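Chain IDs A, B, C, D and E follow the sequence of writing; residue 1 opens each chain.
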């Protein structure tokens, strides 16, 4: 148990002293997961809107499928992306494997289903009269989308929070396509907080793992506060 | 790429032949993750209701904290539970480490924040007039909770789907407190689909990993169809 | 301008509209009245392209509005709609009213000015910065009105626009509606359950019953010459009596209604079954045995006196029950009490005769 | 039974109720009327424990209902509430109505029977298996009514219960309310913007204005003897004229209103500023120069004739504008047109004089 | 040989923590089924990184620890967490790299090869990369030992001395995959390399040299520290591992799949691998 206390103290030390290694890792985590979340949002919101407001055969099945993909294990996502971008894969020529870009792609794919699904939930929760009012006021598709999102902003940003949480906390895909590389240059490295935590854990450094976990939660808190500010506007 | 196709074929073979090893692992996955999800639901729903309908200082901060915990990495959850139930930990005497029970506990803790958070979202989406109507009809706390849940059943079951998805797809906590043990008796084993996938991946058996991933998704599909049936009742 | 051509609408097994046919002219104010659940909202929603008819067509300027998906937006932009239970966007009142203008790309200062004017017109000047969600029922309804009016649509659809308003606000909104119609030539279709509102505002009224227009006409036609017993009852004619013609010639008929004989102006011929409709206001109550020549005069006993606005409604049992409306003063002067013997008189011209079976149209009945 | 003791309610900076004081007696039907945004809904919500007053207390049977959280449930279970914009649960109509009974642990067969009866009473027999979400506005409102009534509460609170209903349904609901009050002794508090409804149903009416009850009284008091200019205007007195008493003795005052002299029964003394209220119905319009002794008689020119239900509202400019209500027939007989010269007469007893400044109470005004 | 009644009434549980690279060879799966039958026991194997596995041992969460990191084993024993180390197998690490061998190390001694890689890697514009496990595993310990043997200060001269040296921070399989992707050099245990060989373009460049020796041992968790550890069956397991029959199994394991054995039996080679005879031969009492 003392590892938990030690982990806390270590976390405080890491944050206060701005430990350069940890800061680099943390910065990479933020950049990668935030980028993935933003890209996923750009796909998930229009997609979710199209599904929620569209009427087409198989709509319910599609929603079921999306919900099923919530269970997609991160390792499987990692493997699929890995197969696509490895040297012998169809996109091998891009030489993306073991780069931060690959991690962004994997995390984007990973959070896309849940963000789409929660967007659908969020939009389906909007009062139908609001929907009709927007139509009757002569909204174009885009205007409709923007305004319905404003109405559902609380729930949609909750979806973003879930997406970000899933992206920054996952490790399976990150390690498979990123590789947890610690090189001397920032850009060549792919070690993020979760992969570092895994590594420390496998080395038996529990308090260091917990310290890094706390650093991760501090980052998440910051992001969530930012999200909450937009939610309550 | 051919691994993907091979993985598909292998998945079909495993399912059709009811491969006994894989079936045991799959059954364990279902039992553990479903149990964790159900337990988490029993905590998350009343908790979410208490937070959503309560008025107390620090409510917004609490919600922010819960949202932040969406980012709790599975490994960190695994470590914390590990420290508690490891022999030298405070609950070491229970000898829970490397048992399915430990995995249930870890997954419950893991999905509790997201299920609570999404329950709050779900309940806050209910028309305030519905809330007032229930009060004015003289609902006790429990009657209120049951009826408001019926109203929000779609969104609450979506939260359950998210929780189940997170539980069955996570690997970090399962491996730390479960240990991915393949023993000769079903009850002593702790190998579930995700830990098996990790193992196969680390052994370089990519198509086997993908096959197991597909099996996992088939299970998730079944669970989600069940959830959808209740949602649309 | 708006043509309803056998418009039907089913929801699953429920037939709500069963072939509504009618026409709203350009620049006209057209009221749809009808009982709760008749399909008024459904009809307005079909016109506003928020739902699709099961059968039939709605044409605006000759164009089937549901036929061409590509023109939806431009058709919708011709119209403004106020919903029965209006919803407001979760923002300020000003922003709520501005939405339609923004959609049309109006400039900032133009929007500011128009929104201010609109709020002023609905009596909500100074409410601009309030959160719309915290408004009272009537305030929200007025925001919804302002929101629909500010875009100055060619066609304004309003579903029970004053249902939640007090009489002073109602008067203000009615003035506004008349002004918009007159000054901008806006075609206005509205539903209401307040028949007097229909009468005050509308050039023509359509009575929606049993899935069809039972009657379409000017307010005067609908109120004095209802096409059926149901319409009569609905437009508030309190005295509706069934009977058979016992003597019919020269445009005058004597009708036997439950033993009471009533003379009425009608071309109905002997033996015909008819329904007699007499407005309470046309009944005069006087001391008993005061006969006026040329008028129907029926003796009876007062059974109830119920206050009704500044009047009292007095019901008299003359064999058939007949109600009249008297001012409180008149009740005092005539010393009418329950049980008083009085005489009820009315002119044959005041009796509207509905001939034969109900003139109901092809409803589900 | 229900005592409102200086009840105030602020929402942030907005003061909605500013010390409402009044009392509703056991078994009474009490109507709250007032303009849109006056705080009617807010007041009902406070009584139903859905919100807490900023200041003051609400007592039921002497008990401060907001004081003791432990008794909330039992107090709430005494009451039933119909909301202004009713919401229905996402299930069948039957289930919606049954909820309150289930909460009270009623048995299955009892519930079935009571729900069926309740649906029947609100005119929704046979709607039991419909999905409540698909109902029309008026149907939903009736479901909400049935839902609140079926639990047979001691106190029934209704916020604009018939706002979305057609006259036939309104009549049905009003009958029902009267019956419930009479047969079960239920105390009923309802808000309405339909003053005639207030009058038809209520034993007493409270006029909520500017955060307080401007007047509480029987319908007759409120409608004939409004306590202030605002109340007068609100209860539909169309002729409201300001003036100064030029001669006041023996309970009769002569008032100069913009050059026109009017005699009225009032103890006001010379020099006092007063407001004269005259109901349209009490004005008689006749051919010009027809003087009746003892009555005020003012010559004037007809400026407008507006249909109003079965009547027409005729406005005459006599120096001050005065409106009267005539039946269509009367308008025809008197050959009244816009521009006609006529004489408007009324008895001094028909003039209600509001003395001094507005009797407004301590409102925000 | 056995030290207890071969058919106890109740099935006993034996918990073993092992390093991932050993577990992934499936040698243990092969042996446990034999053991379980013979001893009416149920074996629960947890595989983890060396550090984590040792942690499980330190906490007393397992009964037996099986690793391949001499220095940390010594520390573990010295701290009193473990007793009765027995060596049951050994093999050699291999230095693998791209067929083109840009640093030209083919056939060199390990230390020299490392020196060459570092020099080539640090040269301007070079595309020579060395991928390290970087995870404090047994393999990583061995790599550090080689750097030390070649005369470098690991943290100053190697780690962070340039982009040529990259720490994978993952398991052996992933490290091999990464090296393959980057056409880099890496140090691997033979078992994992053979398992992955089919998917790799990497070839064995250095496989001789004493320093590449990789010794696997099993230890019992000290019952003095954790009295309720299952000592009997733990001892059975360790004695089973060094029994003649099992030693034969170990020596032939993997031949049918890879055409060469993955391990050498330790039994008779104690001199060659430099451990005391008692550690390979003497059953625990």
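Here is the rule we use: a contact is a pair of C-beta atoms (placed from the backbone, for glycine too) under 8 Å apart; a residue touches a chain by one contact, two chains touch by 3 or more.
Computed from a predicted structure; not experimentally measured.
*Asks:* Show me the overlap between the contact partners of chain A and those of chain D.
*Replies:* For chain A paired with chain D, the chains in contact with each are B, C, in label order.
*Asks:* Hey, what chains does chain D share as contacts with chain E?
*Replies:* Correct list: B.
*Asks:* Taking each chain's centre as the mean position of its Cα atoms, how many Å separate chain A from chain E?
*Replies:* The separation of the two C-alpha centroids amounts to 36 Å.
*Asks:* For chain C and chain E, what's the span in angstrom between their mean Cα positions?
*Replies:* Those two chain centres are 90 Å apart.
*Asks:* Counting only Cα atoms for the centres, state how far chain B is from chain C in Å.
*Replies:* Each chain reduced to its C-alpha mean, chain B and chain C end up 57 Å apart.
*Asks:* Name the residues of chain D that each touch 2 or more other chains.
*Replies:* Each of 85 in chain D touches at least two other chains.
*Asks:* Multi-chain contacts only, two chains or more: what residues does chain E have there?
*Replies:* Within chain E, the residues that touch at least two other chains are 48, 174, 177.
*Asks:* For chain A, which residues are shared contacts with two or more other chains?
*Replies:* Each of 127, 176, 201, 206 in chain A touches at least two other chains.
*Asks:* What are all the touching pairs of chains?
*Replies:* Chain pairs that touch: A-B, A-C, A-E, B-D, B-E, C-D.
*Asks:* Could you please specify the touching residues of chain B with respect to chain D in the complex?
*Replies:* Going by the criterion above, the answer is residues 127, 129-130, 132-140, 143, 147, 150-151.
*Asks:* Per the contact definition, I'd like the list of chain D residues that touch chain C in the complex.
*Replies:* These residues of chain D touch chain C: 11, 33-37, 39, 41, 84-85, 134-139, 142, 160, 163-170, 193-196, 199-200, 219-220, 223, 233-234, 236, 279, 281-282, 306-311, 327, 329.
*Asks:* If you look only at chain E, which of its residues touch chain B in the complex?
*Replies:* 13, 15, 20, 24, 29, 33, 36, 42-48, 59-61, 171, 173-174, 177, 195-196, 199, 226
*Asks:* In their complex, what parts of chain B are in touch with chain A?
*Replies:* Touch list, chain B to chain A: 1, 3-4, 60, 63-65, 67-76, 79-80, 82-84, 89-90, 114, 117-118, 121, 124-125, 127, 154-155, 158, 161-162, 164-166, 168-172, 176, 193-194, 197-198, 201, 206, 209-210, 213, 216-217, 219-221, 224-225, 227-228.
*Asks:* Give every residue of chain A touching chain E within the complex, in rising order.
*Replies:* Going by the criterion above, the answer is residues 86-87, 97-98, 175-176, 179-185, 188, 191, 195-196, 199, 201-206.
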